[in-house]
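Think of it as A, B, C and D in the order they're written, each chain with its own count starting at 1.
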Amino acid sequence: MRSTRIVADVARLPRTVFGHRSLMWWGTIGFIVIEGSTLFICVASYFYLRRNFSTWPPEHVFRPGLLIPTIQAGLMLLSNIPMVSADRASRRMDIRGVRIGFLVCSALAVIMTVLRWFEFQSLNVRWDSNAYGSVAWATLTAHGTLLLLETAETMAFTVLLFKGPLEERDLAGASDNALYWYFMTGVWIPLYVVVFLSPSIM
Amino acid sequence: MTAIPADPARPTDDESVRRQLDETWRQTPGLWGWLTSVDHKSIGKRYIVTAMVFFVLGGLEAGVMRAQLARPENSVLGPDAYNQFFTMHGMTMMFLFAVPVMTAVGLYLVPLMIGARNVAFPRLNAYGYWVYLAGGLFLYISFFLNTGPDTGWFSYVPLAGPEFSPGKRVDVYAQSITFTEIAALVAAVELIVTIFKNRAPGMTLNRMPLFVWAMLVQAFMVLFAMPWVATVTQLLAMDRLVATHFFNPAEGGDALLWQHLFWFFGHPEVYIILTPGLGFVSMIVATFTRRPVYGYPAMVLSLLSVGFLSFGLWVHHMFATGLPQLGQSFFTAASMMITIPSGIQIFCWIATIWAGRPRFGVPFLFVLGFVVIFVIGGVTGVMVASVAFDQQVHDSYFVVAHFHYVLIGGAVFPLLGAFYYWFPKITGRMLSERLGRWNFWLLFVGVNLTFFPMHQLGLEGMPRRVYTYLAGTGWGPLNLLATIGAVLVVVGVLLFVINVAVSLRRGALAGDDPWGADTLEWATSSPPPPYNFAHIPVVEGRAPLWEQPGELPAVSGLRTDVRDVLVTTLLDARPDSLHRHPPPTIWPLLTAIATTILFVTLIFTPWGAVIGTPLLLLTLLGWGWPHGRDHQEQRMVEQTG
Amino acid sequence: MPLTLASTLVQQAHASLNPASPQVRLVDRLGTAMFVTAAVVCLLVFAALLWAALRRRSGAEPVAGGRQERPMKTAVLLATGVTTVILFVFLIFDVSVGRSITTNPGNDALQIRVTGHQWWWEVQYRDSLPKNWATTANEIHVPVGRPVVFELRSTDVIHSFWPPNLSPKRDQIPGNENSLWFQADSAGVYRGQCAEFCGHQHAKMAFLVVAEPADQFEGWLARQRDTAQTPTDSRARRGKDVFMSASCVMCHAISGTSAGSRIGPDLTHLASRRTLAAGTLPNTRENLTGWIVDPQAIKPGVKMPPNQLSGPELLALVAYLETLK
Amino acid sequence: MLILAVVGCKREERDFHGLPSGSAITNPKVREVDLVPGGAAPADSVPGPYEENAYAVSQGKTLYNGYNCSGCHFQGGGGIGPPLMDADWIYGSQPQNIYETIAEGRPNGMPSFGRKIVPDQIWQITAYVRSMSGLLRKDVAPGRTDDMQVRPQEQSTQKAKPVQSGIPKSAELP
């Protein structure tokens, strides 16, 4: 091994960093890109298949119900308020604020997961009825996996926040979890427009 | 007499630094240590070995196919077996060999080249390998049980759909792709973050070795391409298992949807395999001509534009499907355009060789062989980019010849060159040059003999993926010639295996830097210690070892009693923060097992989700839950409330 | 059993190297031009590589930068420029060839519907009057010098229609109708084969295109429109009974009889065809008998099952089939 | 994984030559008189050769449609002939019963196909008919076809316990 001469000392560098300075943040962005692509492919397939139909939804298929999906979309948007506050609290090292934010979001996540079940029924079509049903179900399922994962992660984090031996960097982790939450809820809005609104308005 | 250091976590003299680093970073001994390792070198090595095993298996499959095609109406394989063989060959080479081996070499080398201690997410890295291994085993166990996929690596619907491919063979196809795509995506994230955030201080983006650039571009291509195939195979699985209608024209589905989605991945896939190869070539050319590669900015821009353009070519795989002429011409233009950056790289290498003082070591021979074979594959690539010509030779042996020239030239030759080049670094021993020369010439002659006649066969009308052909077609003699070539290739690969086996025990000891190379991996010992570098080096130029012939500048201050790594800024690689890496852990393996259970049971019953998902979540929890807290440095957050 | 197809039957080699239509002639010209250019480019690159690697060297250790790099820059730029120009010329050539191939065939074109099946080709000559339709299989007759438009379909998986001497290929995609046209220049028998992997017998899914003078073609077509003759010979009559009462009738049609199933090839004029089993066997009595007894020995995986007919039944059946001119 | 895969062995065979010759059931006792309700073969009768072979079952499905079985039975829902996708079996649900029904025919409309369909294919159709009411393993039963969706795929059909019902009143000869 080559011998070295020391030209600098890095011992005083910070150990807890937020945002793009943190490794986890970049990792999260990576997975957001992957999952975003998956959802994009679902939407692309949606519009590709749509060209094969003269009416959309196809004949003899009811339009999707809008009540529950609209509540869900609203909830997704609103849930960002507690998550943003938790995110900010984590950057202030305000553990109490993070705990409250995560507790609220865990509860919301459970509600949203349950609502997803009813959203499937609001589609008013089965996945094996026709290609329209297939692609609508697939899009909802793809996003549903993200929702499920994020629900599990947020709940696990909440337990850790209350129970676990905490370190500073766990708060940076909480902030990265918030980033994923923004993505998961934010990406739902265009999906909601495509899957639920577009058959009614276009 | 050594002075007692002020801070026991940061000894100052080299001896104790190394001893303590070794204590901290080394892998737990024994089988348990192997299963729990999170070291990028340990994982990289097993990744490479596994991929090479699959390479040999894929090659054997090709050998059996060549035996079948050696003469007309041969009976080595029936149609059912042949279809499984050619599908397995394609899938193995694409998903289990080419992409993983490139990624694996990247995972091994990139941290060493950029002066890092490990990849950014060591546990994720372990998980990626285990999932890849599970996918490969799943595919091969299925194959040995006569459940090998038999509809081609491209598995066009409706042939691969539920009506025309009963049984589980195509489900195995879809699911084993999911395994390997997860592994590839995980590795891509890994590499991108490592390259972005773990470079040695001073290694700004424009000082990165060309191989690191190549891996960065490859990782981004993986990130944007692989989700397509992972998604489209899931759509296929749903069509087959729960009767969705994505590809059923009678219910509004579309067979061409599969082709669009598949080739949007499938074309970049070729460049995903190729790009690391280009990186190898740049490194070998620089070392063996004893000068830096000419035109660094042009090389980097070429890599970037190849990566970018490769996403605009997918339709040239669909020229015979009857898409509108105008749109097709656009894709012809794009396909031809990608020749320009590839050409620029070839020209720059030739210029570098011209200006340097070449040494004809085996790695360099492979580079020369690469240029010849790759250029032939490149010019036939331009030919098939033409819509009119492609509609004639599409799905004929001409195309088989073309892409084997590209992939063997562009990936296998550079890879073998890289093996001869980096083997001393990885094992501490040199490969035999004498066997290496035999290895090279046998492969070079064998590959040309196998694949050159196929151009002619294609022009004579021989379609791809036929298990036999009739004597009256007159395709017999050239096929026999190709089979003879394949025998030479097999012998060549066998020599390579022998060379590795012998050299591992008896090869000449390599020393740190046997080739007099310029990049950081040659600054550490061979094989590198678990922590890679005792002190993280500081980089001041593109060829650090040539520019700093004596002592390397380095930084101090990382703790040696925990796995500290240095995080630097994205563009300028200024030291920014310290990050603590996890110790060895079994959870990535357990998570991979849970993933496997989920994926495999899903093909047999929807209840798989009910069994597999909780298992997966549970293992993820075990993975993420903090173990063994270190209270010394990290202040506990105050327990308020 | 020697399975000698057909080189005796096929006058022209199965190759795009022997163009027999203006379409393929154009493509051939494009291919040749590109091939010659490609070969020259390859040789130049190899020569440059060899020279760069082996040239005599003198002087000091090479260093990056400085005056030495000026000729390198010129050379790289020049090579890149030449590459770009070549590609541009190729592109223009390609687009113009593409245009010529896809021009409108004109109004007097003959229409033929070719449907791909696993693993044979259904060929239908359609007409405004359905009674003038003629259905055959695996052998396409076309008049020389008249454009022929092919309506390409598939009812199962994707196949690809490719008679290399006459036309570039075009996929037959279920749910997605395609077409192409060509015009045969010279009379001859040309072989074509499926070019998209379609399952077990993709390898033995061939067809013949018989290009013949217009009057000969019209005569052939008129005969194909006829219904099958009722056999006069007693053994053939008995063969017809075998056909109608055994498994044959479940899949095959013979016009003018009660056999009307469209699962397998139409056999109305079987004896007039040159090959059996989609271009796999010459149409001889021995081959026909062997095929009926055990098709799986010749095309493993084919949809036709082995038949357990008694000796006399078999002979009668073959005798009947041979009357189907 | 191994166990699941091992179970799959037989599922994946593509046996192009079919059964060895002479393996067809030629039960001399099967005569018109025996074909009254209740004359179904006992449970220990010959097992069907293709009950575990997905390829053969799928061939059976193709033949079922190609030979126009659906002309009378529709897609299993019944029409002119009795429904095939319910639990109700007039002449028994065992492979041998079904084979005999196809080969010999039954009173009240089911013709005899013994001479027109080779035994191997009858067995394939038999296996498919059983899959329609969920009597085969799910990993062997076919998925959907590339046609209009008229019934749930056989793979997802729940197994219904076969009931020996005898000839329904409506189908009795007047």
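In the analysis below, a residue touches a chain if its C-beta (ideal position, glycine included) is under 8 Å from a C-beta of that chain, and two chains touch if they have at least 3 such contacts.
Values in this document were obtained by computation on a predicted structure and should not be read as measured data.
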Pair with more cross-chain C-beta pairs in contact, given C-D and B-C: B-C
For chain B and chain C, what's the span in angstrom between their mean Cα positions? 38
Distance-wise, how many Å sit between the C-alpha centres of chain A and chain B, to the nearest whole number? 30
Need the CA-centroid distance for the pair chain A / chain C, whole Å please. 52
Please output the residue numbers of chain A that touch at least 2 other chains, ranges allowed. 128-130
Taking each residue of chain B in turn, which ones touch at least two of the other chains? 80, 158, 163, 239, 242-243, 245, 248-251, 254
Among chain D residues, those touching two or more other chains are 14, 16, 144, 146, 149, 152-153
Got a list of which chains touch which? A-B, A-D, B-C, B-D, C-D
As the complex stands, chain C meets chain D at residues 174, 200, 245-247, 249-251, 261, 263, 294, 296, 300-302, 305-308
In the complex, chain D residues that touch chain B: 1-2, 4-6, 8-9, 11-14, 16, 54-55, 57-58, 138-140, 142-149, 152-153, 155-156
Residues of chain D touching chain A in the complex: 144, 149, 152-153
Chain D to chain C touching residues, read off their complex: 14, 16-18, 21, 66-67, 115-118, 120-121, 146
Spell out the residues on chain B that touch chain A in their complex, using ranges where they run on. 10, 14, 120-121, 124, 185, 188-189, 192-193, 196-197, 201, 223-224, 226-228, 230-232, 234-235, 238-239, 242-246, 248-249, 251-254, 257, 260-261, 512, 523-525, 529, 533-538, 545, 551-558, 566-567, 569-570, 575-580, 613, 617, 620-621, 624-626, 629, 633-641
